[in-house]
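See the structures that follow.
Shared between the two complexes below is chain A, which pairs with chain B and chain C, respectively.
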Partner chain A sequence: MNLDFGIIAVVWPALLKGSLVTVQLTLAVLICATPLAVLVALGRDSKIPALRLPLAVFSAVLRGIPPLLVLFIVFFGLPPAGITLDPFPSAVLAMTCYMAFYFGEVFRGGLQSVPPDQWRAAEALGLKPSRTVVRIILPQTLPAVLPPYISHATEVLKGTALATAVAVPELTSAARQVFVVTFRPFEVLIVAALIYAVLDGILLTLQYWGERWAARTGTSIRF
Partner chain B sequence: MRTDLLAEYWPTIWNGFLITVLLSFVVLAVSTPIAFFLALARQSQLAVLRWPAGIYVNVFRALPVLIILYFAFYALPQFGMSLTAFQAATAGLVIASSAYLAEDIRAGLAAVDPGQRHAATALGIPYWRSLRRIYLPQAIPIALPPYITRAIIIVKGTALASLVAVNDLTAEAVRAISITYRPYEFLAVAAILYLVINALLAALQSFTERHIALRYGRVAAGPAAVAQ
Partner chain C sequence: MTSATDPNKKPVAASDDASGAGPMVAVRNLRKEFGSLVAVEDVSLDVNAGEVFAIIGASGSGKSTILKCINFLEPPTAGEIWVDGRRVGVVETGGRLRPARASELRRSRADIGMVFQSFNLFPHFTALQNVIEAPMAVRGLSRSDAIGLAKELLDRVGLGDKFDEHPRRLSGGQQQRVAIARALAMRPKVMLMDEVTSALDPELVEEVLGVMKNLARDGMTMLVVTHEMAFARDVADSVVFVDGGRVVEQGPPSEILRAPQEVRTKAFLQRILRTDG
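Entry: the complex of A and B
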C-alpha cells in the first residue's frame, strides 16, 4: 500500500470550500437554535399546560429519533406540502428543530439553577416578565449554561456531516466527492478529519475560556 | 394515508428494523468491553496504557461519526481489507461508540472514593479482585444511567449506516419513499419504530435507577461487599 498525500495539493480548494460551508452551517444552526432554545426552556416549565405538554411531546420525539431521520423528514416531507427549500436551508431547518430541544434542556437546567425568589422579587418590584427574563434571569444562568452550551455546539459542528445526506456541499460531502474521483479515500479523509479537529479545537478553546469565566463570575454573582 | 402501500412495503421495513436492532446490539456488545478497558487504561498509573487510551478517546470523540464510517467503508479497501457494508458500519460505529462509552464508564469509576482503592491495596487484595469486589459494585450503579443515555445515542447513530449502503430502517424507509413518493407514511413508521427501541431503553434506565442502583448501593455501603 502506497499512500500519496501529494493528491492534497490538487484537491485542497474543494476541501476548503467544503470547510467554509461546514462553518456557515454550524453558525447558522447556532444562531437559529439558540433563541428558540430559550423559548423552549421557558415553555417547558411554563404554568400553561397548552404550552408545556406539546413542547414535552416534541422534545421527546425529536430527541428520540435519529438526527438523520429529522433531516429526511424535512427534506422529503416539505415538498409534498408545497414548501420547496434548497438543501442548505432545509439542513439548517432540520438541525435547528432538534438542536433547539437539546439546547432547550441545557437552558432548562440553567433556569432551574436560578433561585425562584428572583422571579418573585422582580415581580414585587413591578418588572415586566419579558424584562425579568432578559435582565435578571438570563444573566444569572450564563455561568451554569456556557460550558454545556459549547459542548453541545461541538455536537452541532460534528452533526453538520449529516447534511451530506441531503446534498449540502459541506466538508464530508466535499471529501467524498473528491475521493470518489481520485480513489484516495484515506488521504482525503485524514485531511478532512484534521480540519474537523481544528474546528473542534477552536470551540474547545472557547469552552476553556468560558469555564474560567464561569468559575470567576459564578461565585461573584451570589448576593 | 395509504395503508395498502404500508402493507406492501412492511416486510422490507421490518427487515430494516431488524438490521437496526442487530446493528445496535452488536455495536453495544462489542464496544462495551473495549470501552471498559479503555476506561481502566485511562486511570492506569502506567503511561504506556494511559496515553494511547487518552489519544484514542479524544481523537474519535472529536470526529463526526460519519467520517469514521467513511474510513471503515471507503479507506480500508485501500489497505487490502474489504469488509461488507454491515461489517464496515459495525467497525466504524464500534470505534466511535467505544470512545464515548469509555468516558461515561470512566466517570463512574472516578466517582468511587479513591480511599477505597488505597484501602484494598493496604489490605493486600489483588487488583482484579478489588476491581470486581469493591470498585465495580460501587461504580456500576453510578455509571448505568449515563451508559443507557449513551446507548440511546448509539441506537440513533446506527441510522448513519444507511449512508454506507447498509439496509437498515432509515435506508429502507428512504427507499420506499423514493419508489412510492409517499414520504409521510414511511417517515412516520420509521420514527415510531426508533421511538419504540428508545422508549424500551428509557424504561430500562428508570428501572435500573430505581432497583439495581438501590440494591447495589446498599450492598456496597454494607460491610458484606468487602468481607468475601
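Entry: the complex of A and C
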C-alpha cells in the first residue's frame, strides 16, 4: 500500500472540528452523568425501599441495553412523544442516562469502601448530609473510584463515536466524511485513532494525578 | 414524672437546691431496642454543668448506646433527653410534640461534642482542616476565625506543631487529641467520650487522659465511658455502673469504686482490676 500522510495537511481542519465535538460530547456526558451517578449510588443504598428498588431495576435494565438503542430511543422515540432534540443534546441525554447507572455502580463501590464511622463523625458534628458527601465522603472514595471511573470515561470517549448514527459531527463521523471525499481511508483513520489515543492519554493522566493525591494525603490508608 | 407531661419544663434534678438550675444533661427513662434486643432499659441520669460523669460496665452492657441516644445518632425507642434545659430530638409546636426535623437535630448535635474510640478523623484533611470544617459549615465562622480557633484548640491539646499533618502521620494519641479539638471547636455544652483511650497503645493513654483532665478542670461537662478506673476515681464526680442495659448502681467514685453495694458491680470491678494487673 502506498501511504500518503500528506493528505492530513489538507484535511486537518475537518478532523480538528470533529475532535472538538468529541471532546465537548465527552465532557458534557461526564459533567452531567457524574453528579447523577453519585445520586444513583446514594439512592441504591438508601434506607428508603421506594428509592432503592426502582433504581435497582432501572440500573439492571439500562445497563443491559445496547447504548446505540438508548440513543435511538432518545433521538427517534421521543419526537412522537412531543420531545424533539437536536443530535448533540440527544447524544448527551442518551449517554448521560446510560452512564449515570454505570458510574452509579462505580460510586456505589466507592461509598462502600468508606468506613461508616466517617458518616457518624460528620453527623455528630452537625454537618449536613450534602456537605458530608461532598467534603468528607466522596474525596475518600477516590482511590476506589478513580481506576474504574477513568476506564468508564474512556468508554464514554469511545462511545461518542456512536453519535455518528444520529449525525453528530464528532471525530469518527468527520473522519469518514473526509476519507469518502479524499479516498484516503487508511491515513485518515490512523490519524483519527491517534487523536483518540491522545485523548485517552489525558484521562489516564488525570488518573495518575488523582492517585498521587490520594497517596499523599493517605486517603488510601485504612485505619 | 412531671417532665414527661410538660415538655417545656426543665427537668429538675432530685439533688437540686433552690437555685433552680437544672442539670446540663438529663436522661429520663431511656429505652433503646435494636429489633428484639433491648440494649438500654429505663436509664435515667443527671449530669450537672461542669461535672464529669463516668459510665462503666462490661462489653455489650449498653454504654455506647446511651451516649449515641443522647445526641440522637441512635434515636431512642422511648424516654427523654434534655441538654441545657432543651429536649433533644423532640420539638413542641402549638402545644404538640413532634419529632425534630433533620435540621433541628443538627442544631442540637452541634452543641453536643462526641469523641469516638476509633478517632474517626477525616483522613484526607490535615489536623487543622479537621478542626475548622464544622465551625465553618455549621457555625458559619469565617475561614480565618475558624483557623484562629483551631490553632488555639490544637495548641491547647499539645499539637501546636502539627497543624498541617494528615492523620496518618500522627500517632493514635495525637489523632485522638485532634479529635477532641475538633469536637471542642463547636463550643459544645457537653462532651460525650466513648472509650477514647481504648484503641491506644498503653504509652499513649496518659497524654489523652491528661487532655481530658484539663478539660474537666476547665469546667467542661463530660460523659465519659471508660475502662480507666484510675481516671474515674480521680476525675469523675459521679460514676454509674450499667449492666444489661440498666443502671445497677450510681454515686460518687469513692462509693461506687471503693465500696460497691451491688454484687454485679463488685464482680465487674474485680474482673477489671485483675485484667488491669
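The rule we apply is simple: the second predicted complex is superposed on the first by the 212 of 223 C-alpha atoms of A that agree within 3 Å, B and C clash if a C-alpha of one lies under 4 Å from a C-alpha of the other, contacts with A are read in each partner's own complex, and residues count from 1 in each chain.
Rule of thumb we're sticking to: contacts are C-beta pairs under 8 Å (C-beta built on N, C-alpha and C of every residue); 3 or more make two chains touch, one makes a residue touch a chain.
Note that the structure is predicted; figures quoted are calculated from it, not measured.
Asks: Mind working out whether A:Gly77 is in touch with chain B, chain C, both or neither, as first, second, both or neither?
Replies: first
Asks: Thinking of the overlay built on chain A, is A:Leu125 touched by chain B (first), by chain C (second), by both, or by neither?
Replies: second
Asks: Once chain A of both complexes is superposed, is A:Gln177 in touch with chain B (first), chain C (second), both, or neither?
Replies: Neither partner.
Asks: One more residue to check, A:Asp117. First (chain B), second (chain C), both or neither?
Replies: Only chain C; A:Asp117 stays clear of chain B.
Asks: Does chain B (first) or chain C (second) touch A:Thr217, or do both, or does neither?
Replies: Touch partner of A:Thr217: chain C, not chain B.
Asks: Applying the document's definition of touch, where does A:Thr34 land relative to chain B and chain C: first, second, both, or neither?
Replies: neither
Asks: Answer with first, second, both or neither: which of chain B and chain C does A:Gln24 touch in the superposed model?
Replies: A:Gln24 sits against neither chain B nor chain C.
Asks: Per the contact definition in the header, classify A:Ile136: touching chain B only (first), chain C only (second), both, or neither.
Replies: second
Asks: Considering only the touch criterion stated at the top, classify A:Ser151 as touching first (chain B), second (chain C), both, or neither.
Replies: A:Ser151 contacts neither chain B nor chain C.
Asks: Which chain, chain B or chain C, ends up touching more residues of chain A in the combined arrangement?
Replies: Result: the larger residue contact count on chain A belongs to B.
Asks: Once the two structures are superposed, pull the chain A residues common to the chain B and chain C interfaces.
Replies: none
Asks: Help me check something: in the complex, which residues belonging to chain B touch chain A?
Replies: Touch residues, chain B against chain A: 59, 62-67, 70-71, 74-75, 78-80, 152, 156-160, 162-163, 170, 173-174, 177, 181, 183-184, 187, 190-191, 194-195, 198-199.
Asks: Considering only the defined contacts, which chain C positions touch chain A in the complex?
Replies: Against chain A, chain C makes touches at 71, 73, 102, 106-107, 109-110, 112-114, 116, 118-124, 133-134, 137-138, 166-169, 182-183, 186.
Asks: Sort out for me which residues of chain A touch chain C in the complex.
Replies: By the definition above, chain A touches chain C via 115, 117-118, 120-129, 131, 135-136, 139-140, 217-219, 221, 223.
Asks: Considering the complex alone, what residue numbers of chain A touch chain B?
Replies: Per the touch definition, chain A meets chain B at residues 1, 60-61, 64-69, 72-73, 76-77, 80, 154, 158-162, 164-165, 172, 175-176, 179, 184-186, 189, 192-193, 196-197, 200.
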